[in-house]
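The following block contains the structure, expressed as structure tokens.
Chain nomenclature is as follows: A, B and C, assigned in order of appearance, with residue numbering initiated at 1 for each chain independently.
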Amino acid sequence: MAGSPSRAAGRRLQLPLLCLFLQGATAVLFAVFVRYNHKTDAALWHRGNHSNADNEFYFRYPSFQDVHAMVFVGFGFLMVFLQRYGFSSVGFTFLLAAFALQWSTLVQGFLHSFHSGHIHVGVESMINADFCAGAVLISFGAVLGKTGPAQLLLMALLEVVLFGINEFVLLHLLGVRDAGGSMTIHTFGAYFGLVLSRVLYRPQLEKSKHRQGSVYHSDLFAMIGTIFLWIFWPSFNSALTALGAGQHWTALNTYYSLAASTLGTFALSALVGEDGRLDMVHIQNAALAGGVVVGTSSEMMLTPFGALAAGFLAGTVSTLGYKFFTPILESKFKVQDTCGVHNLHGMPGVLGALLGVLVAGLATHEAYGDGLESVFPLIAEGQRSATSQAMLQLFGLFVTLMFASVGGGLGGLLLKLPFLDSPPDSQCYEDQVHWQVPGEHEDEAQRPLRVEEADTQA
Amino acid sequence: MAGSPSRAAGRRLQLPLLCLFLQGATAVLFAVFVRYNHKTDAALWHRGNHSNADNEFYFRYPSFQDVHAMVFVGFGFLMVFLQRYGFSSVGFTFLLAAFALQWSTLVQGFLHSFHSGHIHVGVESMINADFCAGAVLISFGAVLGKTGPAQLLLMALLEVVLFGINEFVLLHLLGVRDAGGSMTIHTFGAYFGLVLSRVLYRPQLEKSKHRQGSVYHSDLFAMIGTIFLWIFWPSFNSALTALGAGQHWTALNTYYSLAASTLGTFALSALVGEDGRLDMVHIQNAALAGGVVVGTSSEMMLTPFGALAAGFLAGTVSTLGYKFFTPILESKFKVQDTCGVHNLHGMPGVLGALLGVLVAGLATHEAYGDGLESVFPLIAEGQRSATSQAMLQLFGLFVTLMFASVGGGLGGLLLKLPFLDSPPDSQCYEDQVHWQVPGEHEDEAQRPLRVEEADTQA
Amino acid sequence: MAGSPSRAAGRRLQLPLLCLFLQGATAVLFAVFVRYNHKTDAALWHRGNHSNADNEFYFRYPSFQDVHAMVFVGFGFLMVFLQRYGFSSVGFTFLLAAFALQWSTLVQGFLHSFHSGHIHVGVESMINADFCAGAVLISFGAVLGKTGPAQLLLMALLEVVLFGINEFVLLHLLGVRDAGGSMTIHTFGAYFGLVLSRVLYRPQLEKSKHRQGSVYHSDLFAMIGTIFLWIFWPSFNSALTALGAGQHWTALNTYYSLAASTLGTFALSALVGEDGRLDMVHIQNAALAGGVVVGTSSEMMLTPFGALAAGFLAGTVSTLGYKFFTPILESKFKVQDTCGVHNLHGMPGVLGALLGVLVAGLATHEAYGDGLESVFPLIAEGQRSATSQAMLQLFGLFVTLMFASVGGGLGGLLLKLPFLDSPPDSQCYEDQVHWQVPGEHEDEAQRPLRVEEADTQA
């Protein structure tokens, strides 16, 4: 943290002032625009003649809680694998998601549920906001350890807006189906983060190489994240699907896909591992690809076999990506992808979108019966053939890749603004830049910040 | 652990005998008094003409499970931050809560659901019992590290009774609303613990100073507690609110409040931190104040903006409390508040009660429509004006503070009984006093208990 | 890892090839046999005239998620207590359960829900499959640290089949009630694992003695497992019980039983502990015995007092088992029970079966009213007296013990196949045999695998 004292003082104020500004602006916008919807408001709800059990809360809130656990526990701890970046991983996840869900309530609200001058909120908007926070955290994974919290908040500020617009284009303008977000969440979040990481490329990053690995217990903490993501993914994909059987089959498909991706991951990890030994990085990440890959198609009649096959493929591809593609991504494409989001969210997200194209193209009245209305309303109403639905699904993928790439590029330029605080190359992946860190043992004094090189990075 | 051998033998029997006695007495009282209620009993339920979906289980059990996770995972791990007190933190949480929920089932049952000679139990009594256990754990946080398990069980024995009476006075006699327990749980638990800690003041506590901090991984374990408390708090506040839209808006309000308290906490922590660096203690605790501060008002028409504002205020105040008030509390008021419960539960609880006064005072038939009946039945029935409801809410806060203070004082005297086993000043915050502790590394033998000073504390 | 290079190459291929084969075979069988049931299929569900709320998903999915968390988080982390076997504990739990749930969907499907050439799946089959995975993980606990992943997959392959047959005999042929699986899950899983461990007896296991204990943080990780198992156990026992009040009273009974077993465990652990100090092994395990012991009877009118008494007894017996019986089990019976599954699942499972005999024998039309139909349909329909139900419950226990013992013996012989990779005696409880393990500190290079003795075990 070099520089003149006044500059240092300016830098230390960046995070608090940005937090205060963003929270203040959000609160003002909430005051003006956000209102309870008719299932959440005391007066509106009781005006209708409902039984309590009809309130959407009971259909969606348990799923919401599972999604909420995935966003804060799952993503947060999954990134704790770095030996000296656990505070930042779980802490900045906390900060980013807490901001993103508020900001996304506004952005998604303006685009999806803006009626008579107000945004109307309830359990669906909570789930949607958490989904958007998930996309932001995926992007965070690509730049983990190389960005300060003020930079990350600005990234979220931009990404949430683009996420909302992309989602609006896909779901509302194109009529694309993507309940679990293979495209809108995973593909978008991954490529936004990867392009952003490309723009922030650090040629001297090997100065922090010794902190880039894990230690034994940090890998165990990361497994907390992995397992909570894995167990709750069926709720993630089914959180917003059609009530009744719709949520049921979506959860079931996801459950099978994840199980198969786990076996695929173990098989491939041992196969490509040194001496046949398993690699924790693969298990922590690639086993989750089964959830990503059915993000679009799990709400369709994928069949249990289809779910197994998709999950197995995703686990396999993801593991091979960690082993063979991540090094190339850095050396050839100059993308430093800390968590390997390309392997966990990028490739499986694209595969998931393509699987959605396939399964949508195979949709028939026979297979879905009267349930076709709830999955493909435009096909059911005769406005669209299955083939044109498939084509639009494919077009949705291209739109997403475009929004993500352009957005990530813009984000990278934004984060390179020279006055923004960013850790120097030699202090990446190090909590002490951002946190007061205790010693590791009771008899150890607080370790001084080692600033071998006082390089600051613009 | 000084003293004559026979005294030592007497001390080592305190915990087992107390456990056996309390469990035995509880079991006898259960045999005599506790019965399934009409939604839980096979014969009674099937006598009615219900559809299965009408059973209250389906409306409340998912919330119960979230509350249950908060009590045992959340509180338990939140307190693991101490470097050498993790076994005790999570273990005594386990013991205390497991006892408190049984004992509270009896106490709350006698006061709230005693009909024709029996206490009737079901999912509501499970939630209420867990709520009471939560209050006991808040008090535990104030004396963490300075009390033995037998002392803590006696504390719970007393506190559960006073909790039940205070709750009865507020909810049943005064008609106060407090669904998420800003008063009955947080204010009560905090000030009970703080006064108790005052009575147990240890002037020589700096002998254990070197164990009072955290280590890197203990802070990560504590974040498990933080995050689970944070994500499930919407379920906590809504667990017992009105079915239908009532649970819906309560959860939504809490969700927003927590998000804003997180941003407020990060802002203030960086602002007051050394070199602008964040402090894990703030993040672990103050970010949760948003759940506490809407404990009373989240079941009311707080509005989404109101929730954000309240949460932000609570996060801010709580962080400042940790930074500036905790040291004063010890130096001036001789209150050694290990976990800072004054900052997380005390001040935000009082603020939450006052916010409840305000929001209750603003209640109108217009804003609540027919939902007024479910939130303020006495106002809806015309027995009480909004203003008098507000005044009674305020009076409820004073009653709570009185019960908590007198109770904490009595509790302190009880725990000072000279024959009760208590760790010496030099052995506070040390698991080895109570647990068989393994070495930290595989080649390290079990560390001998360092008894530099054989001081025993009365 | 001695042997000729080609043999070593053969060994390193065992895990990947077995994973690929098992996943491939499972997928083929899914393609041929597995179909959505009428509550999960789009066309079938919408053919009926249902309200969305009628879908079984809403009654059972929250319980499923809790069970899912228990299987993957609970069992996985509970076994992380070993100092150098955390990756394997949580990783092999992940692998085994992900395979077992697929394989069990097939086996249980053929036996329970095979109609017109197809297995029909939905939320009930998900819960049942997870239950079976739980039994496999119980057996894993008995051989933890002494078996390779390929061996474990073969164990699961066999055990799932025998689990399914035993369950079919009990529930369908004998009409035995066992909703929470005191017999079918706990007794079966425990004795299968114990007999298998007996067959795999390693007289030279003390060569790995130094790795058999825990370290401070591994014990804290294990408490994550314990607490998640503990809090969600009410959902486990009630996941498949009768809708309406049935799930309600089952959850309530389990809740009380667990609370009492916790107090019993703390009492006994302190009583038998050195210097009255508590032992983490007891708290981590025996406190859970209260969930096991009411696995059969919690769906019956056990009464709250009955639940407390049963739980207390189980906690007590289990703690004494850890203290006094585990050493005898190894020295006299040559059963090396790594996790003490005999104490947590074996004895409490048998006790639970016997308690089921008792409570079933006391069933009356008076006590259950019209609810008798949902718990004991054969008694309600007059086809069976309560006494004969009790006798059949007892017979079910013997059947289970027989299936478990014979199956465990067969399993042991299978796992002793000489070409199967198994860690040598000096490398038991060591992650490095199976995993690429990082150093413990940032400045520490990857520790070389210490092969003091190059003994390979047949």
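Convention: a residue touches a chain if its C-beta (ideal position, glycine included) is under 8 Å from a C-beta of that chain, and two chains touch if they have at least 3 such contacts.
Chain identities (UniProt): A, B, C = Ammonium transporter Rh type B.
Bear in mind the structure is a predicted one, so any value in this text is a computation, not a measurement.
Participant: What angle of turn lays chain A on top of chain C when you fit their CA atoms, given in steps of 5 degrees?
Facilitator: 120
Participant: Could the interface between the copies chain B and chain C be described as same, meaning over half of its residue numbers are common to both, or is it different?
Facilitator: The interface of chain B with chain C is built from mostly unshared positions.
Participant: Quick one: report the Å distance separating chain B from chain C, using the average Cα coordinate of each chain.
Facilitator: About 33 Å, centre to centre.
Participant: At least two other chains touched by the same residue of chain A: list those residues.
Facilitator: Where chain A meets two or more other chains at a single residue, that happens at 53-54, 58, 62, 217, 224.
Participant: Per the contact definition, I'd like the list of chain A residues that touch chain B in the complex.
Facilitator: For chain A paired with chain B, touching residues are 1, 11-13, 15-17, 19-20, 22-23, 26-27, 30-31, 34-36, 39-47, 50-58, 61-62, 65, 68-69, 72-73, 76-77, 80, 86-87, 90-91, 94-95, 98-99, 101-102, 121-123, 126, 149, 217, 221, 224, 432, 434-443.
Participant: Using the touch definition from the top, list the residues of chain B that touch chain A in their complex.
Facilitator: 53-54, 58-59, 62, 66, 83-84, 210-211, 213-217, 219-220, 223-224, 227-228, 230-232, 234-235, 243-249, 251-252, 255-256, 258-260, 262-264, 266-268, 270-271, 273-280, 283, 287, 301, 303-305, 308-309, 312, 366-372, 374-375
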